[in-house]
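As structure tokens, here come the structures.
Shared between the two complexes below is subunit A, which pairs with subunit B and subunit C, respectively.
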Partner chain A sequence: ALFTGSRLLKGYRGGHVVIRFALGGCANRPFFRIVAAHSKRARDGKYLEQLGCLDPLPNVHGEKVAGLNLERLRYWLGCGAQLSRPAEKLLGLAGFLPLHPMTVTGAERLRQRRQREQQVGTAPADG
Partner chain B sequence: PGWFPRVVPARGRKSRHDPPAKSKAGRLKLPPPVDPEELLVVLERYRQHRLVLGALRAEFRAEVLQKKREERLGREDSAELLEEHRRLMAWNDEENARQRARRSERLRKEAEEEKRRKLEVMEKQAKKMEAFMKEKEKEVLQLQEEAKSFITPENLDARIEECLDNPRNYNFAIDKDGRVVKRTVLS
Partner chain C sequence: RPAFTDEAVQTLLYKMTGIDLHKVFRPVKKELKPPQYKLMTEAQLQEATRKAIEEAKEKLTMPPVLDEREPIDDVLAEDKFLEGTETTKYVFTDLTYSTPHRERFIVVREPNGVLRKATWEERDRMIQIFFPKEGRKVLPPALFKDEHLGNVFQQDRHEDVLNMCIAQFEPDSPDYIRVHHRTYDDIDKHAKYDLLRSTRHFGGMVWYLVNRRRTDGLLIDMINRDLLDDATSLITLYHMLHPECQSAKEAKDGKLKGVDLIKVFVKTESQREGYIQLALQAYEEGMATSTAS
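On to the complex of A and B.
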């Protein structure tokens, strides 16, 4: 009992609060929990508060479902929590934060690549 | 397909002290190619994004502080807290008054005790002095009385004559009670 108690009451030197994804689920079935935790904790370890969840696999209707607790998100951001990159991207797509630059850049690159493929596809077809 | 199922995954099988494979001997690792104009665009987007993010964080922080302040100060205006505070203050005042009364009583009693004791002591002292003075007076008077029967150079001759005229016999015995035994023969 003493061992588990000392494991649970871990104190860190430095570190900061981070809002990130904690992976759960089973084999070939990931599931993310959006979680506010210390940066030095394990990814799936003890967290301060769960602020939402994300199902990365699309459902029957082709949607990727995510849930967010905006009230508590505002609180933690006001307390000075950092965000991980995927968390930032998700919040940007959700509309709570501005869109992440790499989302826009990725979309642009994808569009350009598709255009190039289309041109390459039409150019040999023309002969 | 180029891959085949492995019993143990290859990644993580080699530790950092194992030498790289011979197939990787001529490998030249280059960073990914970067388009300069895209890079500028991306940097500008990042700058603006960070600006907006900083502003949002500041706003959220202000919100949290406001909530904390409101929770800390807003409670004072509620009626029940004020009433409880007044009640407690009144009780405190009562307690203070009671303690003060007790204390003043105690102090008064102690002062009286002190005065009484002092008076007693002074009386005793006065009595002692009186007794002493009386003793001394008595002694002085006794001495004066005795001084009348002293032998002075003027009385000397008369007293000598008187002694020689009245021979006194001290040759007697005394029993335990102090009475003179009258059975001895006068010498």
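On to the complex of A and C.
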């Protein structure tokens, strides 16, 4: 045989399993697959298992559709997989994990920025 | 109170459906094949007819009749500080292959931060997107709106509409129930009972009419086609469902059978007495002439 097993099975030094988003789709049309893969692999490369998908563009009814295979997610989390930050935020929004602290902080910062803009908007109108 | 699924009710409805083999195995639009001819003895022909009747029985299993489902209204979490971060809602579906569709978790995170369970329409749509079923579309076709159903009924295609409805909707969804009731009302108005006679929808139609006490048209149709057994089973079903009416008590006291049962029923319960009496008279004259000749 031309290629023995060792050429096909990649060995890593270090590296761990992560659950993250792999980007796919076409120009101006993103589509994320929620995927369990080694951290050293390319973002869209060979993964261990697909655990779901997320469509970031809203559909006809104004909703962003996401599917999560919770049973396999639980398996990989039990095997010691880590999560990327957007994956953690998505699972916090879904209710599977508690809400990510950065989601709360981001909401707070956005509210403060909007308040500041509003104040700046009213102050030049007065004076 | 007897339900749709009781043994006795089901046997009565099945007897009334009738088995017209020519209509059950009428050619469905498939790819064309030349007809096959077989040479059989009498015994083999009887065997083949018996097998055909068994297959017809399977094809005639009645779809379930359920009450309308309650709307889902369950809030899982409320996070008011998330308001204003998102502009659209997120719909999360659990894609575990082994959970039944009824128990699947489908939650919606609204832009105002509240996490709630999805409504029945959202559930059906998501399940069709991720686990597509044959014959079902993600968005229900425009055919099932009231204005378009009228067109279909003018073309006498009630059976096709009901088959499409069974493929598209769940049996307890309000759309399924509305389409079925519209179809049955239209058939009752124009007395087109024969369209559904040898199909699996006949039982559901009879159940609907008997529950609302609108059995006169059906009774007239049965007597005109000389189906006295079906008429008697219709009246027995009526008595089972409404045991407090007068004809039921008289029938139980007198243990009437056949034409007498129909006459008692006609005197007490029906609105169109005259028509039914005429039909009965015509039937009896027909019986008399046939026995005489």
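Operating definition for what follows: the second predicted complex is superposed on the first by the 118 of 127 C-alpha atoms of A that agree within 3 Å, B and C clash if a C-alpha of one lies under 4 Å from a C-alpha of the other, contacts with A are read in each partner's own complex, and residues count from 1 in each chain.
The working rule: a contact is a pair of C-beta atoms (placed from the backbone, for glycine too) under 8 Å apart; a residue touches a chain by one contact, two chains touch by 3 or more.
All figures in this text were calculated on a predicted structure; none of them were measured in a lab.
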### Message
In the superposed model built on subunit A, check whether subunit B and subunit C fit or clash.
### Response
fit
### Query
Who does A:104 touch here: subunit B (first), subunit C (second), both, or neither?
both
### Query
For A:121, is the partner it touches subunit B (first), subunit C (second), both, or none of the two (neither)?
neither
### Message
Just to be sure I read the superposition right, which of the two partners does A:69 touch: subunit B = first, subunit C = second, or both, or neither?
### Response
second
### Task
Report for A:94: first if it touches subunit B alone, second if subunit C alone, otherwise both or neither.
second
### Message
Per the contact definition in the header, classify A:78: touching subunit B only (first), subunit C only (second), both, or neither.
### Response
first
### Query
Of subunit B and subunit C, which one touches more residues of subunit A?
C
### Message
In the superposition on the shared chain, how near does any CA atom of subunit B get to one of subunit C? Answer in angstrom.
### Response
15
### Overlapping contact positions on subunit A, where the subunit C interface meets the subunit B interface
99, 104
### Query
Mind pulling up the subunit C residues that touch subunit A in the complex?
76-77, 79, 81-85, 88-98, 105, 107-109, 115, 122, 125-126, 129-130
### Query
Hey, which residues of subunit A end up touching subunit B in the complex?
74-75, 77-80, 97-102, 104-105
### Of all residues in subunit B, those that touch subunit A in their complex
38, 41-42, 45-46, 48-49, 52-53, 56-57, 60-65
### Query
Which positions of subunit A touch subunit C when the two form their complex?
52, 58, 61-72, 93-95, 99, 103-104, 106-108, 110-111, 114
